[in-house]
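Sharing a structure here in structure tokens format.
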Amino acid sequence: MIKIANLSFSYNKETRVLSGINLEFDRRSTAIIGQNGAGKTTLVKLMKGLLKADEGKILIHEHDVSGKTAAQLARTIGLVFQNPNDQIFKRTVLDEVMFGPLNIKMDKQTAKEKAIEALKMVELDDKLEMNPHDLSLSEKKLLCIASVVAMDTDIIIFDEPTIAQDHGGKEKIRQIIQALKDKNKLVMTIIHDMDFVAENFERTIVFNDGQVLLDGETRDVFSQKELLKTACVEAPGITKLAERLGFKDTVLTVDEFINMKKTYSPPQ
Amino acid sequence: MKKIIVEGLKYKYPLADSLALNDVTFDIKQGEFIGIIGKNLAGKSTLCQALVGLVPHFYKGAYGGKVIVDGLEVKNHSIADLSLKVGMVFQNPFTQVTGSKTTVYEEIAFGLENIGIPRTEIIERIDSVLDLLNIEQVKDHNPFDLSGGQMQRMAIASIIAMKPDILVLDEPTSQLDPAGSEEVFQAIQSLSKQGITVILAEHKMEKIAQYCDRVLLLNNGKVVDFDTPGKIFSREDLEGYGLTAPVYTRVCKALGVKKAGTDEYPVTLEEAERVLRGDGA
Amino acid sequence: MKSISLYEEKASFVHDVDPITKLWYIPFAILIPIILPSFTISFLFIGLSLVLLLGAKVIRKTIPVFGFVFLILITVVLIQGMFKPENETVLFQIGPLTMYKEGLLFALTITLRVINIICAFMILVLTTKPSDLVEALVRKGMSPRIGYVIVSVFQIIPEMMATMSTITDAQRARGMETEGKLLVRIKAFIPLLGPVVLGSLINTKERAMALEVRGFNSQAPKTYLYEEKTYQFSKVLQIGMLLLTMAAVSWRIFL
């Protein structure tokens, strides 16, 4: 769906933020991890057309993004920003979610249907007439997710969706990601929460210093202990525990751990 | 020695319909490292702010009960007076930068200038906190040019320089990457080892389990429990309060293995490893 | 970090002058040519200011400012030169346009005044670190809170600009066209205001709390990280300017 070839970018002459990135994205849900400043957000902004590359190409559905404005790209690729307060523009929850669909020239009726459908997913459909700013922070975050989901784009990218979410909030986000995957959309996220990555994403890409350090099935990526250390990334807790106990295979979830534990006894 | 005593604390924000804190009672001894957990809106931030006087002095609102911090009753003392006893670090490193100073060094001096510390002592104190929080190498940088982890350590340094005996932190690492969080937790731990009483509100249960002596569990503005991490995370009703135990505890619960001779499940990686090894033997 | 301050750090004798003295220089340089309205005095002051700016090695930074000012002054010269009601004496003609002596002389007075004022301000702005000026004023008794507000504006405005660009990105990300014609830009600007205002209100509240716990409202007498800078000749310069002003006044009254 997305093809990135030899992509480089720098904000100023001295420091290169991204250099020589080659990536291809299929429909697998993908987590992008790495330290702050590794270039994750920059890559996403380039795909979204919010920044222009110095070198290289990004093709989405075979179309070069460099010829299009960010607003035009909004029909194919959605992005949920990290801070909800930067992205709430309207006075009611319903208007807020309809803002995107109306911008991409959906007719009013369809926009409303899509909006309500998206709000149902985040369980805010009982607050249509409320002022978004009266919602709690985690509700605002869910609202922002709904307002991108309603645009019904093929590709959806999240930037740190789980920050400041408690257990309940994370659970909802998990369900939304699952629902989007079921609709056969490409879901991508920038994230620091490794447990969440292990449980929800098929593919993981590790960025370090503006380059792709690791890329593959999440399980394989989290088995590369040494390389993860280079990128200052730690494997999920359960993976570390299994490894310390000498399990042969890389474990990603509590259930996997329990299954494996039954068929295995630790070395004496 | 009791460092903090909270007795029947009730508080309602102006314009709010319900109590943010409802009959909260507990006490904390000198040098303890205390974690505060609870789902969003359970009252964690409000409680933190009640310890430094922002509640009620900054917000006003209805206030009842008593909070005594190092001998001072919060209700009767100004935030500036309290700041000599108890310091607070907030969630967002960005909004804690004063914006009126151009270097990290000057930034740390801000609080000390306000409370009238003599010049020579200001310099001694800054030099020592720069070292303590390991940000010496950025002392001449502009505060806004730091990474999130460095900025948050600078915020802690700015507070610690005022020499409070008690440090309150409200989700200090929620905006940081794992490496930045780790830096901050290491710094807090080293302060705790020097005898500073630490109170930390946090969502990251693995960190709470690893670092805290005792954990205060809040729900709807009330104290549900206040006990060791082992006891708290072994509770069967955690999910009911919108919380999950650390992954190590969950896996041991599922396997039904407890720490030898106790009724508690392991809460850290090390404990879980020990127990699970022993289990197979 | 971008700062909106125009201050340029250099080593020069002008940089070494007490900020307060430079502050004094502004009313001094403005008042004298008003008290003694002659072209010679005006030229003298502009000359003095330019020498100081040259000495401070900041003359380059004044060019864009002067460029902008000249653009406005040219219109003043043209309008006054051609249309001032008192215009009588024809000086020269270019095609259908006639320039008069009275108007041009008047325009020259205005031009000299404006350049003089700008020069005097630029000496202060270009050679004084804003925080040094404010600290000097606070030591002289200005409220530290007002001082804080003035200094923080220099850093917090660039921070707000950064937020603006994030918000614009969020709009574009949801399909709103923000590039292109003026009308499109204006339309995009309106929804921007909500988040910007709200965001800065939230930030202000959080920052206010952070300042509080750092003793911002402490009653204790304030101390300073840096020793009070002692400047040579501050008193001499300040008294000198005062005496000259008094001399100018008495010249005007008695002679």
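For this structure, a couple of remarks:
Which chain is which? They are A, B and C, in the order written, and residues in each are numbered from 1.
Rule of thumb we're sticking to: contacts are C-beta pairs under 8 Å (C-beta built on N, C-alpha and C of every residue); 3 or more make two chains touch, one makes a residue touch a chain.
Please read these numbers as outputs of a predicted model, since none were measured by experiment.
Viewed as a network of touching protein chains, the structure reduces to a complete graph with every chain in contact with every other.
Looking at B-C and A-C, the interface holding more C-beta pairs in contact is that of B-C. Taking each chain's centre as the mean of its C-alpha atoms, subunit A lies 30 Å from subunit B. Per-chain CA centroids place subunit B at a distance of 45 Å from subunit C. Per-chain CA centroids place subunit A at a distance of 47 Å from subunit C. Residues 49, 52, 54, 58, 78-80, 83-84, 87-88, 90, 92, 94-96, 98-102, 105-106, 109-119, 122-123, 126, 142, 144-145, 155, 158-159, 162 of subunit B are the ones that touch subunit C when the two sit in their complex. Taken in their complex, subunit A has these residues touching subunit B: 35-37, 136-138, 163-169, 192, 194-195, 232-234, 236-238, 240-241, 244-245, 254, 257-258, 261, 265-266, 268. Against subunit C, the residues of subunit A that register as touching in their complex are 45, 48-50, 69-71, 74-75, 78-79, 81, 83, 85-90, 99-100, 103-104, 133, 147-148, 151.
Subunit B makes touch with subunit A in their complex at residues 39-41, 91, 147-149, 171, 174-180, 203, 206, 239, 242-244, 246-248, 250-251, 254-255, 269, 272-273, 276-277, 280-281. Contact residues of subunit C toward subunit B in the complex are 1, 131, 144, 147-148, 151-152, 155-156, 159, 203, 206-227.
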